[in-house]
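What follows is chain A paired twice: with chain B in the first complex and chain C in the second.
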Partner chain A sequence: MLHRMVLPALTAIALAVSGCGASTGGKDSGGGGIAGAANGSGAAGDGVLKIGLLSTLDGPFAALGQAANDGAKLALLDAGAQRSGTGYRDGMTGLTIGGQKVELVVESSDATPDVALAAARRLVEKDGVDILVGPLGGDEGLAVKGYAKQHPEVTFVNGTSAAQNTTLRDPAANFFRFTTDGTQWMAGLGAYTVNTLHYKRVVTVAEDYSFPYDQVGGFMTPFCGAGGHVPKKVWVPLGTKDFSSFISSIPKDIDALYVALGGTDALNFVKQLDESSLKGTPIVGGSITVDGAVINGLGKRADGIVSAGPVAALDTVQYRDYAAKLKATFPQAGPPGLFDIGYYIEMTALLKALTEVKGKVDDGHKALNAALAKLTLDTPIGPVRLDQNRQAIANNYLFQVRDGQSALIQTIPDVNQTLGLDRAAFVAQPANDRDHPSCP
Partner chain B sequence: MASDMTAGRGDQATLRRPWRAPRARTVAAVIVVVIAAAIPYVTSSFVFVQIVIQSLWMAMVAASLVFLVRFAGMVSLAQTGLYGTAGYVTANLSAIRGLNPWAAAGIGVLVAVALAFVVGMISSRARGVYFIMLTLAVGVFLYYFALQYRPFTFGFSGINGVRVPDLGPVPLSDPLNFYWFTLALSVAALVGLYTFSRSPLGLALQADRDCPERVEALGMSTTAVRVIGFTAAGAVASVGGVLSVWFNGQISPGSLDITRTVNILVVAVLGGVIRLEGAWLGALLFTALTAYVSNITNYYNSVIGLVYIAVVLVSPNGVPGLFTATARSLQRALLSSAPPRTTARPVNGEK
Partner chain C sequence: MAVGAAPPTSRFPAVSRGRVLWTAGGIAVLALTVRELVAAPAVFVTTVLDGLTTAGLYFLVASGFTLIFGLLRVTNLAHGSFYLAGGYVGYSLREATGNWFLALAGAAVAVALLGLLFQLTVLRLVGGDPLRESLVTIGLSVVVADMTLAVWGGSSLDITIPPFLGSTIEVHGLIYSRFRLALLGLALLVGFGLWVLLHRTRLGMTIRAGVDDPLILATSGVNVPLVLSFVFGLGSLMAGLAGVAGGSYLSLSQGEDARYLLVSLLVVIVGGLGSVPGAVVGSVVVGLVQAFAQVHLPTYSVLVTFGVMIVILAVRPRGVLGGAE
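Then we have the complex of A and B:
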């Protein structure tokens, strides 16, 4: 009984984390809570630059956090630091910027916002870090953003958390994000669906929580703008195994289905779909819908499925170098993925900005924050720069399954957080949720 | 020694030890007051805010569990659910709906107490492992409700940006003020729970714990007695929930998941389920362990587990039990010429 209760919980967190996005999530006017003072021992001008690294090394998603830490440490190794040990929680030393030793302190959460917040507090108030890099999940990011507002004297650089509202609405002035958000990950897909695939009537099928809301929002905003219609949105509870009642509620006169379900759920859904009268309906996928297991499981049925996401195996020097270094340094790591590349980019950006200001943080981080804000990077997944809310503008990629492989078919360059739409109008729209956006 | 806090037994103990017990307690009380007053000035900001203040509200939740175990023999796993309910209602009403934070907190506590009453009605007929399972089901249900009922709870991300209100002219967002406020509520909870345990209802609750058949034979309704006891404990847990939301500025389902439920249980056992005060000591130990052991080893959860096992094995009455046992053997060594005392009766919270 307990087992049955725990399993869906884990699935829920799995999806929330792997997607690491959230937009409609809690209302976040920032601040709140009891703020302890930052620990003076880490204060500026003491000859040590302390960087806190926060990811998810506990809980069911430790593997994602391990990848994240690999990525972050690779950036430090690039800059000349040495590892103090081979463990994921081991710090790094040996790097000096502007005459100050750089020290890495590692903390971890279990993917819940509460624990991420407690870990951030430990890093800032106990260890006295000057800069915090993290967290990994979107909902954690919203909590840490609120905390960042209490500590303007500390600089916060994101990990891979991808909730839209961490930076879009009510941002923190000292929070920087060099990776794109869950809505940006859909860039290009909506327009491609209408203009190239000529699907005009699409029903969305997605799990009922924050990350799919962002994904559906990112798909629908341009899709509706290009003349598409979504007559119905189907929200399924997390951990659903029997989709039959949801499938029977899908209207018959549609061109395609947009499916944002995680991993094996997508597999189950498509199998059950093909046993219904909607057999063979074309599918467009979210960023975490189409993975190797799904392609293998679906076989021929997977051919032609189009999806979008921020990480692609590019044919560039940066990507090849990165992939080679990752494999050489961390032999146990998988191929480059969202989490290691994300943390690598964030840490690289931070070290570059620190070097630019020669490690100067005794001015209340003014120079460092200014350097971060105007930084540009050539990352393994393309160029990155920040907008006025310190949010990344970067490439997004479209993929199509061809011969059992997810192949890159289109690059959408310089995707900004408002997907190219007018900023004021975009922000004024309701945040992505079950009912928004809408174009029936 | 430990039993002298218990109603009824306390009188006997005083009779047998007309002068020693009160004096020892006075000394202990003075020490505690001095430490409590000195803590803000001798600890670093991190220890003060993240360990001391955090353990104060965590202990209130644990104390509600200790109360149930000690005086009612009910091991409730629903306490985190109740504290989470109070927290969610407070957070939603104040941060989302813009209600006055004190009103929001008041409604939060009321809703949680009402829920405790309902849960008590459902589960109090069951005893032993069935009671545990029922309260576990309630706890898990509340967790999923928080996770999935998005219109009110905002799902996995929860509610952020809950502000700490002012108490008249005193801003509670200042850690020092919040400390005194939380401390005052802790003392109130402690006194309240002990007073309850000594009241006729509390005595009936203990009688029910020891022998429900006799209570029924006396014409009392065991269910009513247990429901009221459960509701009273729920009130303390929900005040802890409001404090936790103010402390963290946010709440999410992670605040009431199964891990947190187990943490509260660990805090209660570390503190010993004999005296309610133990909850505060247990919470202090637990938060300190979590904060510092993670620096030393990657396997800090295992270390906490080992400490837990060691405490349970060496001193079933928790860490305070270690102190009392040491004090007692010291006393015995010092007074070895005196005749052996018989007051060192076995202390056990269950029976």
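Then we have the complex of A and C:
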């Protein structure tokens, strides 16, 4: 009797829960099968340049994917294309480069690497796109890089995926990333924490998957180098709401906490922190930790929190133009952010390179790839160029919450992927994970 | 127990495998406790409090689940959704009236009515077939998830705690959240209330009789369907109550329904399906194990929590306080 009831119950739970795991380990392998032999892929010379756009319009990060698509479409509108409809999944036409019509095809994933890979395969093998722009998330990016290696006849331009190893170790020759990675997003913060804030002993608190590994790595590498110590790293399972037991495991003799948690989780964490004997401990934040909701929710407690990231509301013509265009074209969009600006930059870079080579892709994308590799851009968030692994070198920004506002306090120019350290030595270090880097 | 039956050739008295395992487990727990107390007493006390307050919330959710299972023999897979719905209704009531206690009571009653309505209109029609019962409760959980998403949106919400519970208390340099202690108090109160209901009232006697043998109960002239509906409503009420209590310090978001359904299952499987004292034992075990695992083995805390379930099921397949079939 009992078994008959519990069994279907557990099966159902397994089904319900399996849909929730937002992050699985980075899958590096592509789809397998007969790579490159698909119909229509790399359909050069057919008079149509097909661009595939891949972001996350499904699942928990759907709102981020919508922002991403706004950004990518804004770049195409800039170049003269027209929207086929106002939906996020609608394509675009009307642009001609080098006598070829440019067509945008939209696909979506739910931020998991296997779904992103399936979407990339549909775009390349079914729709026959010449260029793929995307994906949005870090684990997705690692999966698409693996797939890019199997399809040298297609050019891949990143979306906003920010895993370090998409380009740092074992890169794909046809994968280009004009945005910085999760480690670069922390540039400047570690040194500032030691030298200006004089916090020497810091415990890190972050979720237990690849993106926070890179964020913690980006914070710790310069922090440890400047003489700081991290006596303990606390990794909480993704989706944790009750941090109390994790908080009681934090040593008391520390100067500050480095917190890399998503918006509301950061709010919960700080509230619970202030109900413990670590009450009032200063906070240093990751790139997605300090958002409007956190600043409002924490009130005065938020004042002084320092964080770093690649997007800042700059006082430049490029930024002001971009913000105005975004507002005018997509009235429902929020203020410029990581995802719309990221996709805008990637798509702008691609269109510029395509124009330079007059849309020529019938040489196995040789000219296009060469043009992309040496492209320089003046973006809304500063100048961008690529390194030898086709990874962006760009500015990073430091912020501090002052009077309930996140204020720009420092610009770190030309941050490269090795954070200014010797490339060979940097690559030889173990990849960022739970145990690396380390300076207890 | 088996001592008398020991073969005369053996030099040692036969000891049951269960007793050996329990003794070993007890010694291990004792040794760990002493080690913790010596190493870092403050951390130990805080962690115990964390574990117990978490257990309080788990008990609030799981007691309703186990009540419903005990009498109706329904694994209510919408129980987590009742938690979530209670939290969201409580949020709106708190925002509208400004009174946290009104939100707590109102949400509990609202969810009880929802549960009652569901039991009367849907569950009764498929009564007696465990598979169909499970399926309609899954159906309800999907409907509730989509409805709450449509009404309250996808971002996390916080139910504002009443000011006098929002601060901390300090004893000998140890700081702890008042609200969490109050939550533990609420759980104790509810547990006591349930005990009174089940053991000191005629209705409780009827319910217990129904758990033991529904057929005999029906032949003795009791209106069994009415009792079943009452218990389902009561179980839902507890979930709604837990939703407001939990949503006040852990925030509400989509997906919490699956988490609390899983917690309920874990607690009642450890404690014994259908037994309210079992839910007490189960929630305390799960709460404490989880708290200590998060301190010492954060990466594998989930694994450790479920590992305990596996060990307990291996020793006592019906849970710690589970009765015979």
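Here is the rule we use: the second predicted complex is superposed on the first by the 401 of 440 C-alpha atoms of A that agree within 3 Å, B and C clash if a C-alpha of one lies under 4 Å from a C-alpha of the other, contacts with A are read in each partner's own complex, and residues count from 1 in each chain.
By our rule, a contact is a pair of C-beta atoms (placed from the backbone, for glycine too) under 8 Å apart; a residue touches a chain by one contact, two chains touch by 3 or more.
These figures come from a predicted structure and were not determined experimentally.
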Touching partner for A:N268 - first (chain B), second (chain C), both, neither: second
Which of chain B and chain C A:A373 touches, first, second, both or neither: neither
Which superposed partner A:A226 touches (first chain B, second chain C, both, neither): neither
Touching partner for A:P237 - first (chain B), second (chain C), both, neither: both
Touching partner for A:S277 - first (chain B), second (chain C), both, neither: second
Chain B versus chain C as contact partner of A:Y209, first or second or both or neither: first
Chain touching more of chain A, residue-wise (chain B, chain C): B
Partner chain in contact with A:F246 - chain B first, chain C second, else both or neither: second
Chain B versus chain C as contact partner of A:T112, first or second or both or neither: first
Touched partner set for A:V48, first chain B, second chain C, both or neither: neither
Interface residues of chain A shared between complexes with chain B and chain C: 2, 5-6, 9, 12-13, 16, 208, 237, 434
Parts of chain A lying in touch with chain C, wherever the complex brings them together: 1-2, 4-6, 8-10, 12-13, 16-17, 20, 60, 63, 208, 234-237, 239, 241-242, 244-246, 248-249, 264, 267-268, 271-272, 274-277, 279, 293, 297, 434
Contacting residues of chain A [partner chain B, same complex]: 2, 5-6, 9, 12-13, 16, 22, 24-39, 58, 87-89, 107-108, 110, 112-115, 117-118, 121-122, 125-126, 138-139, 142-143, 146-147, 163, 208-210, 237-238, 433-434
In the complex, chain C residues that touch chain A: 42-43, 46-47, 50-51, 53-54, 73-75, 77, 130-131, 134-135, 138, 141, 154-156, 158, 168, 173-177, 180, 249-251, 253-256, 258-259, 261-262, 265, 269, 273, 290-292, 294-296, 298-299, 301-302, 318, 325
Residues of chain B touching chain A in the complex: 44-46, 48-50, 53, 95-96, 136, 140, 143-144, 147-148, 150, 154-164, 173, 175, 178, 246-255, 257-259, 291, 294, 298, 301
